[in-house]
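Before anything else, here is the set of structures, which you'll find just below.
Each of the two complexes below includes chain A, the first together with chain B, the second together with chain C.
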Partner chain A sequence: MMTSEDPMTNEPRHLRRMTNIWVIASVVVDVLFWFLVGPHMAPGRLTSTAGADQTDINILMVIALPVLLAVWVFLGYSIRVWSSKKNGPESVGGPAAAGHKGVITAWIVTTTVIVLGLAIFGTIALIADHGSGGGEGPNPIWAPAGATAAETAALTKGDSWSPSSGKVLVVQVIAQQWKFTYRYPQFGGFETTQLMLPADTSIAFNVTSLDVIHSFWAYQLGVKADANPQQNNVAFTDTKGPGDFTVRCSELCGLWHGAMYDFGKVVSASDFESWATSTESANATNTSYLAPFAWTYVPDANGAAGGYYIDANVTPYSKSELYGAKQ
Partner chain B sequence: MSMRGRLTTVLVLFLVAVGLVVVCVAAFIRPGTPGGVTDFTKSQPAGQPVHILAQTVGSIGYGPHPTWVTYMVMNPTTHQWVHDTTWQIPAHTKIDMTIEQFDSGSPIRNQEWGQVQGTIGHSMTLNGKTISSYNSYTGNGIGHTFAVPLMGISVPLVGVSPSASNVCGVAPCSLKLPHELIKFSFISGSSGEYPWQCFVPCGLGWLYGNGGPMSTQNYMGGFLDVVNS
Partner chain C sequence: MTITADRPEVEEGSTLVPIPPAEGGGPQEGVRPRWLSQHVGTALICAAIGYAIGHWFGNYISSDYIYIANSGSNSVADFLALAFGVVGWLAGIGSLNYPAAKLIGREAKPQVTVDHWSKFVRFSMDHKVVGLQYIVGVLLFLFTGGLLAMAIRTELLNPTTHVFGPGTYIEIVSEHGTIMMMMASSLVVGPLGNYFVPLMIGARRTAFPRIEAFSFWVFMAGYGVIVSALPYGGFPTGWTGYAPLQTQAGVGMISYLFGFAVIGVGMMAAGFNILVTIIHYRAPGMTWSRIPIFVWSILSTAALLTLATPVLFAAGMYGVLDKTVQTAFYVSEHGGSSYLWQNLFWFFGHPEVYIMALPGFGIVGELMPVFTRKPLFAYKVSAAGMIGVALLSFFVWQHHLFQSGIDPDMRPLFMLTTELISIPTGFLFLVAMGTLYKAKIRFEVPMLFVMAVFFNFLIGGLTGVFLSDVPVDVTVHGGFFVLSHFHYTIMGGLVFAFMAGVYYWMPKMTGKMMNKKLGLAHFWTMFVFFNLTFFPMFIIGLLGQPRRVFTYAKNLQGLNDFSSVSAFLLGLSFLIFLFNVFYSMWINPVKAPSNPWDSLGLEWQTASPIPPHNFDRIPVIISDPYHYSEEGAPPFADFGDDLLEPVSGSAPASTTASANEE
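What follows is the complex of A and B.
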């Protein structure tokens, strides 16, 4: 029969007591967290990447909470049971304070398993979710099916997208001090300050910058990709139900960095198509003035004035000012 | 150190930390507005359209940065031109804006800003002619924009002729000098502070044109301070 005291020392079985307290507390806290808090954790489930982020965060919390509780239980138990008392023995030092081989081994093994497990878990999550909404550079190695073909076709005039096409929607994100603009190459390449996306669709964001380094952070989409001048940084996500999201620049980029944000919407595929076709029509005149769609654009390094677009068919006022434009 | 000394040190550091927090919170709640505020809320009866008259000048011609490009605005009370880019306007009110553009233009970095956005009718008038988009690769090009990103407003300010010889170099500029007259209207919306800026990187001599006057409040950017009347 098990007793609560060690027969050799007549001391209570402290380790067993602490373990029991810790196991019960961990189970209760983990279950409460998973069912009550987890579904409300950031960044929500508006897209596949956001949902995966939320799941990952919840799993990490379920692992982390028992570790936190272990520390707290040990600390609380120690204070309660082994705190120094008047006229009592010395509370620390002496042979009793020497390292315990079993405890040390258990600590090293446990922490190693946790860290390696998280590394493997994180790597699998990154690959399985096509980069987890992070920018993969110009040649993504974890592209979803159809993305490469859609990206290639986007550079071809006449390529289109419709809800029934099943194609990946290509969206170019152009950062500039201090605003994001968006081009839709499958809708004639129009550019707009509004970011609209169709629900239940794979999206390929192609992120670049016209000046300094920015970062495109669509928080509720679970997408975050640096916007570097003359670089195309591709990030993927699959939208789910309709909803609103916020876009912020997350790279300190100058005077109005704090105001460099806007709001986007995920709408039904048919509503998106209506919006895109009407915007394409409304912006047709200005679209005809835009440079041909390209993944990156070479900026004017000489200061004032533009000449930004490399292929713009213009008669420059000054060659020195129009570095990058056709001369 | 004695116990008393330690306690004193901790107390002093604590008070310093609290002071810093209070200063930061106060600064966040009441952001500074260098250059003062030009008040347009009392320039007309409540509910009536507000008229803002502004200039864009290639070089201000005085002050600490005489060569910098800048906006100027006409004070509605004193009718004097002032170097101020924080403008207080009433909420949910029609704002009629006139900009006298005295600077030259060129093709712009992103032709997206050649499109008139967020104004009533999605258009503006350029010397009396209504337009909704201006091709910066033609004509005189675009010198600046007046844009309030959080209101979705952007208006291209077409440049004066590159062949003009007597371009204004000291603000405020006389209408006798070469200029373009741009007019548009918008609705001010809800109360709040809305940054406005130029989207043409017009900081001549600065890398990518976005330094200097583009990165200093009171030159090519400021605030629309929208208040409930």
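What follows is the complex of A and C.
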């Protein structure tokens, strides 16, 4: 380390001292964070998107902590060294008072480089990870291979899925005040309150709502997609090993929003298949009464407005044939 | 060198306000008789009459509509009651006298500000009175919202034992958010902007004193409207008011929608007035490179208020129409779209975020040179940064909709624009660090709040970068992480800056010093417990707790309880502040010196108490405002006479004396 006093003025080299403190503190804090906190950072590594989210958060933290420390070290150093001991005001003057073009330019260049770097990093992560588990709306543009075909096929009756098929599993999430239900179009379109997923599989979540806006937030899966009435919102993820996860509604949806949560399981592909086929046959009668599988549903003519907009053409309690599928 | 020689002749009285100043409290020619005088009492009576008329009228025209006859409540009547109530309030306070008289072709009677305490409960066109009125107004909002926050934290003490029912809880959450947002959008522009911008630019008044006073009384009407949601049964949507839930909600929703529209009118009026004032009412020599940084921040904020708020007004009124006469702007079954609300709301809502941040930047920028005895570092960069933030803030709103299911094509663009906005925001820290460098920092109470702003806003700003990153946003959107983020920026930034401004400018506004010991107690409790309240919420959010819930995972109870207890103590610190105000103003007032902080700011150079027209002669500005460190630097302003005492203590501040000696 260089001498910390300027030989010309006997004044300590403040910037050098600050830099030394900052570099040491940053390295220590970053290393401690990366190894102690990083592996436990939200949202875990149960799926590809969750793992990527975790890595992204950790990378951003490793960049953000030195920035935080740079300002904190400067503030702390200023408080320590440049506090006025006297009460009265005095002028300080001198060259330190003037604006410094070099400092300003360096600041702007540095922040711009960091910011553009982050934007590029975020964009790459977003595209490479098929939308990062965020809802992409009805026409996703960052779909994993085979997902578009699987989505199209899921609408035809008799589509199927098995672990060996290598197909993307299509799961529909139907939100309503105040619960989630799930339909599996590749297993006859049965509807259930249990969310089961096979391990090591690409999943396409199709999220919709029957009434108001909800949000399907499967925390450990790294998936979040708003559930909008009359719109399909697609999010992708690849599951890894088996595990449990929590689903919470993260868009305020009225009275029992706080109680709108659910739990799901990622199980081995063969366990999933046996659960799905047995549930399909057990629920066969119920499924026959359901509306045909579709991306969106209108529960009755009054829809999201909860009976506020009365449509004279349809009785509020319509027959099941009118429990219409709407594309 | 004689500075006075360059001084252009200012014709005496040429820029005087057309409002005659009152001499004492006696009756004057052309003034209303006492029994007809208007004040907050008549406003309340007229508001009640308006409410009753509106309710009757609404029932009269709409009670046989099928959907109203079936629903058991008449939303048309409820809305018209509020609307007529607001008009009655404005008529009762006297805001409509002038336009009404002009409308029927008569000269309006002059509305005289009587120099009597009652001017604070009247329609006053003195920007200094309006500023003080606004302080009371924003504190009313702040303490109402704060009490609701205490209620939220009480409910969250335990995940399974509930203090409130879910309906009451969601009402409290929604009212808290909405009231606080309304408060924050006027917190600095209203009180400190109206009070000090004319003083800082050497003007004798604002451009449109009637519009200025109108903006305050509309703001207070907005308080009445939003609080009316409580007897109407509240609204369940939070401050964001998302649409299908909005359509489904009861009549309390109308208070929200119309309340935002009313507040929006006040914001537009205040912004427009300040904008024109800054552009047109600067003193001679007050060039763009010489206006104080606080004025730059208010200028950029006023531009946002003027340009972004009309969208809120329109969005709110569309919602009112949906709720009352069954238009379907936001109802997808009938051709509308719930995304329309989301887009309109956030198109306003994101500039709104900077409406709530920029004035804070201005206050800290203005106070730093005073307490560091140094010029503001990189003044031009700082001003450019504020304008940059204001411009960019119109191009980021879709980052609130990253998972909403809109077309994803634009997502990288909005991620980029959102991250770009951190460059001009970062200038705040460049300015701070450059100004602190080799300074002589005096840690008076306002300066402590300034330092706290940098501490808090840094955390708030950096976590904003996390939220702008789409992959990370998947995990943190809609959870306690984002909640903590915006409390760090709005409360940690703006409210702390507001407190800095209050402690700094109160001596000028009232002639009394704020008590320092109580000020220190207030600062330390507020700073410590603010951080202890909101920092755990980042962790709570990362651990998966969504916003606006009344229950949560059991393993998060420890963190939530910690946060709740800290929140109660944070509430206590606001009581210390309130006590300090009462103590310093009424219980044990200490007369303030004319310039207690040895500031060079123009607002400190006028007489104390400030004369009705601010400056007996319009000052001529002859340099930029932050020559704190230079011996023998030219004075900031030339008053052209020796009416004022030279400022004591400060080296370069002998504004008038040195000029006269020569």
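Basically, the second predicted complex is superposed on the first by the 285 of 327 C-alpha atoms of A that agree within 3 Å, B and C clash if a C-alpha of one lies under 4 Å from a C-alpha of the other, contacts with A are read in each partner's own complex, and residues count from 1 in each chain.
Keep in mind that, in the parts below, a contact is a pair of C-beta atoms (placed from the backbone, for glycine too) under 8 Å apart; a residue touches a chain by one contact, two chains touch by 3 or more.
These figures come from a predicted structure and were not determined experimentally.
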Open item on the list: Output check: A:Q231 vs chain B and chain C. Expected answer is one of first, second, both, neither. What do you get?
Closed with: second
- [ ] Could you say whether A:A259 touches chain B, chain C, both of them, or neither, answering first, second, both or neither?
- [x] both
Open item on the list: If we overlay the two complexes on their shared chain A, which of chain B and chain C does A:E251 touch? Say first, second, both or neither.
Closed with: second
Open item on the list: Just to be sure I read the superposition right, which of the two partners does A:V37 touch: chain B = first, chain C = second, or both, or neither?
Closed with: neither
- [ ] Look at A:S132 in the shared chain and tell me whether it touches chain B only, chain C only, both, or neither; answer first, second, both or neither.
- [x] second
TODO: Classify the contacts of A:T193 with the two partner chains as first (chain B alone), second (chain C alone), both, or neither.
DONE: first
TODO: Quick one: classify A:A149 as touching chain B (first), chain C (second), both or neither.
DONE: neither
Open item on the list: Just checking: does A:V27 make contact with chain B only, chain C only, both, or neither of them? Give me first, second, both or neither.
Closed with: neither
Open item on the list: Under the stated touch criterion, which partner chain does A:L290 make contact with: chain B (first), chain C (second), both, or neither?
Closed with: first
- [ ] Please name the chain, chain B or chain C, that touches the greater number of residues in chain A.
- [x] C
Open item on the list: After overlaying the two complexes on chain A, where does the chain B footprint on chain A coincide with the chain C footprint?
Closed with: 211-212, 254-256, 259, 301, 303-306, 308-309
Task: Residue numbers on chain A that touch chain C, as the complex places them - done: 14, 41-43, 49, 52-53, 56-57, 60, 64, 67-68, 71-72, 74-75, 78-79, 82-84, 87-94, 96-100, 103-104, 107-108, 111-112, 115-116, 118-119, 122-123, 125-127, 129, 131-142, 207, 211-213, 215, 217, 219, 222-226, 228-233, 235, 246, 248-259, 298, 301, 303-306, 308-311
Open item on the list: Please output the residues of chain C touching chain A within their complex, sorted ascending.
Closed with: 66-67, 70-71, 166-167, 169-170, 236-238, 240, 242-245, 247-249, 326, 328, 331-334, 338-339, 372-375, 377-379, 381, 402-409, 411-412, 415-416, 419-420, 422-423, 426-427, 429-430, 433-434, 436-443, 451, 454-455, 458-459, 462, 465-466, 468-475, 477-479, 542-544, 546-553, 598, 628-631, 649-652
Open item on the list: Help me check something: in the complex, which residues belonging to chain B touch chain A?
Closed with: 106-112, 114-115, 117, 132-133, 135-137, 141-142, 147, 149-150, 152, 154, 162, 195, 197, 199-210, 214-217, 221
- [ ] Quick one: which bits of chain A touch chain B in the complex? Just the residue numbers, please.
- [x] 174, 176-179, 181, 191-193, 210-212, 254-256, 259-260, 262, 283, 285-286, 289-291, 299-309, 312-318, 321-322, 325
